[in-house]
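Dumping the structure here so I can ask a few things about it.
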Amino acid sequence: MVSVDQTARADSMGTSSKTTRILGGVLLAGIALWLFLAFVVTEPDIRIDGTSGQEIGQFDAFRLIYVHVPVVFVAYTAFVVTAIGSIMVLVKRSVWWDLVAGASAEIGALASALTLITGSIWGRPIWGTYWLWGDVRILTTLVLFMLSLGYLAVRRLEGTAEERARRSAIVGILLVVNILIVNRSVEWWASQTIHQDSTIAEAAIGGSKAFTLFYSIVLAMGLFTWMMIHRFRLAWLERQFDRFGLDDALTSRRAEAASVLEGEMS
Amino acid sequence: MSILSEVRLIMGKDLRIERRSKIALNQVAPFAILIVVLFGFALNADRAALTTFTPGLYWVTVLLASILAVHRSVAIEAGEGAREGLLLSGLRPASIFLGKATALISQIFLVSIVLLGAVVIFYDARVDDAVLLVTSLVSAVVGVGAAGTLYGALLGAQRARETVLPILLLPVLAPVLIAATRAFGDAMGTVATDGWAWTALLASFAAIYVAMGVVSHGVLMEEN
Amino acid sequence: MAVVALSDVVVLLGRFPALAGATLSVEAGQSVLLQGANGAGKSTLLRLCAGLLRPENGTATVLGSDLFKDRRAVRQKVGYVGHLSMLYDDLSVAENLRFWANAAGVSEKQERAAAERMAIDGRLFDVPVKALSAGQRRRTALAVAAARRPSLWLLDEPHAGLDQAGRDIVDELITDAAAAGGAVLVASHELDRVAPVVDRFVTIAGGLAIEQSQTQQAGGHVDLV
């Protein structure tokens, strides 16, 4: 097992630091600006049909894109981080990377669930249905979400820290392999069964809309970073707690021996 | 001992245990047939619907039955601590994986052949292209068996194994379900598609999982 | 060179320190009785020496291999018989012996000799393991280990469930192994049974190993002949 410096960070019993507090403050202000951009600055998606002259488009439902697309980015980034962490666990035999992989996968699971939920809410008015079987992206994301639940279940299995780290690392690496296979096969399957035009491409995204979308992705990445730092530090503190607990456990375990010896002397 | 004879040793042992206990034949196969019958009830015994959906129903059933077969394969080693015996024997982890996987694949294959008879009888399934059917069946079963052995070994003697295995394995097998269903659709004449292309996907899945199993088994077995 | 050299070894089972800094050295030709209450750490110590557990701290060398780095090399050289039989229930005694002998690369001759020694040849040979009594299982497990002619025996309660004849066989096994230059670690509660056949007594308590002089033993629980 990788040795853990027990004195490091022992003074800080929280998960925040000056940097994260500043980052948190900036992000809070960023969220306020994001709401302003998404609801006030940008227009709803309304276009005029060339032939009939009627108003078409996604109207206010379009604003969901400022949530949906950023969480998609977070979800996929998170699982890339999980995969990198998993590889590093096996290469470096490092528990540090295991905590990174685990923290990232939790955020990834949350983000992929949000992706599915916001996608369904958007799909209802636009596609007329919560669920569209023909869309490769939502099917891939659904399987990804389920794979991540499996990964998180494996993380909770019994064993020493090192056993769990290695076991999880293999599932973490397979998660990426699996999602690539799933994506290929679903795309192929959907192209042969259900024909679906890309709705996103129709809406003209330019000007303030494009800026808001870009801004929301950056903001979401900032939130991801902030959550990662806190979740990782929490996991690190839990580990430290185990290590400190170990000293106590060792002391009380050795005390059993002393009482046995006394019993024999008397 | 060469890798090949190690693989044969492990596979022979698992198949001999199956010959004695007949779990796959007397429990897993009847369970699979039962599901096929239950689908018949669920779809109101609509002949046309059953024939159309035969490939999909067939493969969902194979996957569910495979979960049971994987449990059995793991339980053989977990029960009396034989898993540790294998560690102590000095066999190569890769051979253990390949041996266990081959035995599991043969058993799932046996069950899927029995099940094929069941869908012919109960769903009026007809086979247009037997070569495609068998090739895709074999490719799919190899993939399921290899992935099942890998994830089964990962869970080992864990108490939570029975509940974690399905949630872990079924999403992984989703591509197999998609591809095998399409390939069978072509072979059974219910869908116009290129069944051979889907079979190629199944074969790739199988190759990836055999390779992943061989590579990762050492890491998993050393974990004690 | 010491067959077993443990120094301040900590072994964690989950978060519980089953061994809390155990130090023990065993030379070739020695047989050692490990005694101690349930949960003291005897089984953990044996499993550690078999290369089945990873030490957390300290230094640990068994049969020349470092237990931190090369547990696989250790595993093949030890004869470990624990609480579980490591046998396949659905296979017969002969099939189990054959399988494990093949797996370890043991000749059929050695395998036969081990079976004879544990008196499981003949009538029992074709009986499936699930139909065996606890004592017969133990004999079969001992035969599997004996066939490999290990240089280090690790026996966890080997007498449990055995009849008089079986116990005599185990005692003989311990004496012979030590005489042949091997080393034996045997955990047992039956001190009067094992005491006459071992060279040393070690008490395991609270995850520590405490060497006992024989006089202390005599004053304690065991009457030495």
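Order as written gives the chain letters A, B and C; numbering starts at 1 within each chain.
In this text, contacts are C-beta pairs under 8 Å (C-beta built on N, C-alpha and C of every residue); 3 or more make two chains touch, one makes a residue touch a chain.
Model, not experiment: these values are computed from the prediction.
Of all the chains shown, the one with its CA centroid nearest the global CA centroid is B. Seen from the C-alpha centroid of chain B, the farthest chain centroid is that of C.
Chain centres here are Cα means. That of chain A falls 48 Å from that of chain C. Per-chain CA centroids place chain A at a distance of 31 Å from chain B. Averaged Cα coordinates give chain B a centre that lies 39 Å from the centre of chain C. Chain contacts: chain A has residues 158-159, 162 touching two or more partner chains.
Taken residue by residue, chain C touches two or more other chains at 54, whereas all remaining positions touch fewer. The residues of chain B that reach two or more other chains are 224, listed in rising order. For chain B in complex with chain A, the residues that touch the partner chain are 150, 154-155, 158-160, 164, 167-168, 170-172, 174-175, 178-179, 182, 193, 197, 201, 204-205, 208, 212, 216, 219-220, 223-224. By the touch rule above, chain C contacts chain A in their complex via residues 10, 12, 14-17, 20-21, 36-37, 40, 54, 56, 203, 205-208, 210, 216, 220.
Chain A makes touch with chain C in their complex at residues 1, 158-160, 162, 242, 245-246, 249-250, 253-261, 264.
Note for the complex: chain C touches chain B at residues 50-54, 71-72, 75-76, 78, 80, 82, 84-91, 95, 99-100, 102-105, 128, 144. Touching chain B in their complex are the following residues of chain A: 90, 143, 146-147, 149-150, 153-154, 157-159, 162-163, 166-167, 169-171, 174, 177-178, 181-182, 184-186, 188-189, 192.
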